[in-house]
Amino acid sequence: MEIEKYLIRKSSLEKLFIKLIGKGKTIYAPKLKGEMALFENVTAFTEIIEEYIVTTNSAKSVVFPKVEKVFSYKKSKEDTEITDASTNPYPEVVLWGSRPCDAAAFIPLTDTFNRDYTDVIYNKRLNNLIILSFSCSQCDEYCFCTSVNGGPGNTAGSDILFTKLSTGDYLAEVITEKGKLLATENSDLFEAKPEEDKEQNLAKVTAYFNQDEIQAKLQNLFENPIWDEKSRACLGCGTCVFVCPVCSCFDIQDEAHGGKGTRLRCWDSCGFGLFTLHTSGHNPRETQGARWRQRMMHKFLYMPDKTRVAGCVGCGRCSRACPADINILDTVCSI
Amino acid sequence: MIMNEFEPKIVAFVCNWCTYAGADLTGTSRIKYAQNVKIIRFPCTGRIDFMLLLKAFGEGADGIIVSGCHPNDCHYTSGNFHARRRWIMFRGLLDLLGIDVRRIQYSWVSAAEGAKWADIVNTTVTAIRELGPYTDYAKVAGYLEKEAKV
Amino acid sequence: MSKIGVFICHCGENISATVDVVKVAEEAGKLEGVAFSTDYKYMCSDPGQTIIKQMIKEKGLTGVVVAACSPRMHEPTFRKACSEAGLNPYMCEMSNLREHCSWVHDKSDATTQKAIDLVRTLVEKVKYNKPLHNIKVPVTKTALVIGGGIAGIQASLDIANAGHQVVLIEKDPSIGGHMSQLSETFPTLDCSQCILTPRMVEVAQHPNITLLTYAELEKLEGFIGNFKATIRKKAKSIDEKLCTGCGLCTTKCPTKKIPSEFNTGLGFRPAIYVPFPQAVPNKPVIDKLNCQYYLKGKCKVCEKVCPTGAIRFDQEDELVEMEVGAVVAATGFNVMEPSGFPEYGYGKYKDVITGLQFERLASASGPTLGEIRRPSDGAIPKKIVFIACAGSRDPAKGIPYCSKICCMYTAKHAMLYQHKVHGGESYIFYMDIRAGGKNYEEFTRRAIVDDEVNYIRGRVSKVYEENGKLIVKGVDTLLNAKPVEIEADMVVLASAAVANPGSEELAQRMHISYDAYNFFSEAHPKLKPVETNTAGIFLAGACQAPKDIPETVSQASGAAAKVAILFSQNELSREPVVAVVNRSPAPLYSTCVGCFMCATACPYQAIGEELITDRKGNVIKRVAKVNPGLCQGCGTCVAFCRSKSIDIDGYSNEQMYSEVMALLNAE
Amino acid sequence: MNELIKKATTLLESSAVQVVIGYGKGSASRTRAIFVTQPADCDKLIFDSRCVQNLAVYLTKAEIKKLGKPAIVAPIPVLRSILQLAAENQLKEDGLIVLGISPESELVEFESFAAIETFLASNKIEIEDKYKKKIEQIKAMPVSERFDFWVKELELCFKCYACRAACPLCYCTRCTVENNQPQWIPAASHTLGNLEWHVMRAMHLAGRCTDCEACYNACPMGIPIHLLTKSMLQDVEENFGTYGPSLNKQNTLSSFNPDDKESFIR
């Protein structure tokens, strides 16, 4: 649909928030924990922070939680009775205050969960989700959204994108039907579109590389010393993957308690040695180098091949969070 | 037993040589105690893995008894000494984490102390009854029973 | 998929009276992996075992759970039954429904539910049992006998005569123990030393017996068939090879007034001494605590007079290590110091003595050469009172048990007195006369009828002195409980028999259990009276509980027989409950990372190292390795291993884990 | 740090070592572990207050072992880890060269592991008061409140195992959380799984932890797991006196004293 633009007064934001709470929505928004910003369940508008670059954890868990119950079972000597979890009512969630990169990440994520198989639970959660993003007025040396076809004011993935204007009020871009519905339901808060142009209020994010060029180069870079060099300090933890808004690998686990139990879908990471370990003891990706290569290849080569977009939105979370300071931008740029 | 009074689930981790034998003596002496406590037999307290205690809470135990040979009486000479050190560290850690150490009763019960075993069981059952069901832990253990969460 | 058979025992009514065994069997039948489940009156009986064997064959059972009494009772029985039916014995587990359930609870649904839970727990364990095979260990055919009393002597002689080596250690300078102190023995009144001393000599001369007197057990390591004993040979300060036992030193020693232990303080001995004339070995030792030289640094008279120059003042305690295959504990008993009885005035009045002291007075080799003379003035007592149960059967004094021998020796004492002191009057205050035993009742009758000993059924409240007489105030409960008062010249207390001082420490050194009174515990009160809970260590005599001589001797022979049975095998097969370090596929080979903290924790030094090498012999990895011969299966290493790389057969991680899960997750 | 650079260069030139594990410039204002194999690159080595990552963790990593004999830049926390690793038979004395950095940022060289122990004797582990206070505060809470405090923290854990990966003493080739026979710890990062993981982690460090805080620094969610190990360090000191790594002192849990406290045992 055609993007519709409105003005939202500074004071109206809280009103909107309260209305949403009133409608029984669960709201996830950036919140402070010590010095770090985290997406967490918020119940009071004042908990929400606006002046931050990106949160430490990504927003993916609103559709792809770290632990997702798939079904529960009860075994008896005769048979096994199964209760499908996807018949559960999933919470109506509003993701509030996400960045354009966060919102953009839902595109590759959704592609992954619908490519060859339509994941019921994921899509149910997605349908219950409204994404209200806020443009970036600041960035840091880890940000590179502009290198992966994104930007500080990118509307892709959001239902409504708010951009703070010099007046302190906001430009609201209503992008999707979901957004439109929300706008009409709260038409009293959505006023005629402002004059002020959005661009001047956005952060300037350097473009370090071109996604398409990288994709091309990676075609024949499988055997290359760069992977070992760049990952030498890698400790083999799963941080980069778990904070990544796009990484979607999971592991299926059954938790048994006597004859009863649950099957779970749990986040997994290609950074773990165990990820590809065979029962035989053989490991096709034996070194961190091989694992780091897989991650890069997956994001910048395989995914753009198989889905609409690259597997990286340039939020820079992985680099910020890495305990060994392995920097994705650094790796990509040295390709 | 009074109906629908809270009946604590208590697991006893005991060594084969002293406390298990002691509990046998309680039986041969026909000393009565509460049904709430069920014994798991280990070769030695040295064998008792702290993870198993944790698992017991995870699976819904309201209380735990860990018991073996008195110091210097260990059938394997020093298993109980090693166990005691492990318990000291484990106890401190659980306490810091707010896992209620009052719910774990450590004791020495020799093969000759049938009466002491009965007493340990009964006093522990009473103590756990007073503490009530371990809802704090159940809350965490029951994570998946809760409505699908992010 | 496991096929487990569950067999619920009624144990007559021991279990079925309180547990609904039928329901338990029914519930067990519903468990996943259970192929057969039933209940039966006596599982341990022949027909009971037959059911198990049949079902193993018929249903092709892969595991068996017998829910009956304590596994400590019948585990071997049922494991044997299983192996006879072709199932590996270690695929059989027992659920303890008797000692841990039916005997400790009243009949109720909760009791039955507990039984069901216990059975389910073992069913889940058995699913993770794996076939195990006994471990063979060699047997060192030398026995260590601790204590040179009649028990130790008898045991040593029997084992030695069976053709095996024996090391007999005695803490005192001579063997003989309490029996050598006795005068005559009941019920035959034959002289104690006359029957004992030949045995003592036999021990000294027996080619298969190594006798170490003045020696104590310092340390005992190892396990059945393979113990390592460390013995402390206390310095005797003489060279035994040179000493001829002429005794010159003992007569010349200036320090003569040391109360003689052998004569229970009624006589004296010098600082260099032989405890008694018939001592074996008949060679003196120097009592360092009383010797002038050791105390003041001068004297050395003995050295001067010794014709062979055998005195060695510089001699020091010596620690000797020896390999032994079995141990017999025969450390005997002691008599309670009746100073705990102010009411009887022991310690206050010279003429109030213990039974053992009376033995010395009555003994021909004693301080009075067998004449009954009172310690105070050596006068012959005209009236004598014996007080039975001085301490025994008296919970208030901490001794609820019966000392067993007092009734008989008190009767004996009274008879000896009547025989030796004509016209003398003897009285015995008693609670009951316990004269169970061959010719015992007849013996006490003779005391009462032939020797006119006055038996008064009642207790003594007070003994006090009044113009040279000991006034004994008591009560006669038979003649409508009238108080009695006797003016006695002497009072003899049948003080309780108690465990030897230090027996607690000794038990700990041997790793055997002991009871609340520090008597050593037998493995089973009825069926294993000479065994201890520690395989390879046996009990003989009063170290287990008060006993008279015939009982002691028979138990000693029993222990000797057990040792002989053990030594009849060249190899022992041991329960394969041992730790194992895991193996995993290359490139890991084992998850053990070789931190070797298990090795530092192991009480048996059973964990060494193993180098995993490739075909060319290059070392790939250094990991821990368990020596199954040394490992005793305590599992301390298992709980200690961070990477769970070491596990123990029979109590494996999966077994214990599944037990916890099953116990807390009722279906 | 010219001394350090000089020393590193000579070591590489003389091929006394094949790699120098040290600190170099990282992203933004951070420093990162670098692995210098060419003498010419030694000038990339830096050392300042930002260099907090515990480099000892790399000594047991397969990828790094492949590079050959290492020299390692070792400020106090790294030295402690090296000593503990040595005590646990994970390092060979002739297998590495230790370039110690004193609290005064002076280069210190060591003949042997024993020398490191002597050096550390005058640099004992000291738990900072702010942590002691924090631990006291937590212990002062009512037991349920204390539990809730931790549950709230542990709900954030997503089991990236950065705490494990960053800890020099977590060198097991197969961690028990990866063992599913039995499944000791749920693989899922729900609160129970997280709680059990962190209890196990702390217990496995009992008497071994050298208080380098690598676990906490690595945790992306800022969960104060270092308080667990710090509090256990206090417990070790309080109960057993022994404290800090040592070559000859036996490990706290693999040794015992017959008179250990047992006031809590009936």
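The chains carry the letters A, B, C and D, assigned in the order they are written, with residues numbered from 1 in each.
Everything below uses one rule, namely that contacts are C-beta pairs under 8 Å (C-beta built on N, C-alpha and C of every residue); 3 or more make two chains touch, one makes a residue touch a chain.
As the structure is a computational prediction, the values presented were derived from the model and not from experiment.
J.: Per-chain C-alpha centres versus the global one: which chain is nearest?
T.: When every chain is reduced to its C-alpha mean, the one closest to the whole-protein mean is B.
J.: Looking at C-alpha means, what's the farthest chain from chain D?
T.: C
J.: Rounded to a whole Å, what is the gap between the Cα centroids of chain B and chain C?
T.: Measuring from centre to centre gives 31 Å for this pair.
J.: Quick one: chain A and chain C, Cα centre-to-centre, how many Å?
T.: From the centre of chain A to the centre of chain C is 73 Å.
J.: Mind pulling the chain D residues that touch 2 or more other chains?
T.: Residues 176, 184, 190, 253-255.
J.: Note the residues in chain C that touch 2 or more other chains, in rising order.
T.: 584, 588, 601, 640, 653, 657, 661, 664-665
J.: Touching two or more other chains, which residues of chain A qualify?
T.: 67, 255, 257, 264, in rising order.
J.: Mind pulling up the chain C residues that touch chain A in the complex?
T.: Chain C reaches chain A through residues 30-32, 584-588, 661-662, 664-667.
J.: How about chain D: which of its residues touch chain B in the complex?
T.: Going by the criterion above, the answer is residues 135, 138-139, 141, 143-151, 176, 184, 190-192, 195-196, 199-200, 202-203, 206-207, 227-228, 231-232, 235-236, 239-240, 252-258, 260-262, 264-266.
J.: Provide the residue numbers of chain B that touch chain C in the complex, in ascending order.
T.: Those in contact with chain C are residues 1, 7, 9, 11, 16-18, 20-21, 23-28, 30-33, 35, 38-44, 46-50, 52, 55-56, 59-61, 72-79, 82-83, 86, 110-112, 118.
J.: Under the stated contact criterion, what part of chain A meets chain C in this complex?
T.: 75-77, 256-260, 279-282
J.: Which of the residues in chain D end up touching chain A in this complex?
T.: Result: residues 26-28, 30-35, 53, 57-58, 61-64, 156, 158-162, 164-166, 178, 183, 186-190, 214, 217-218, 220-222 of chain D touch chain A.
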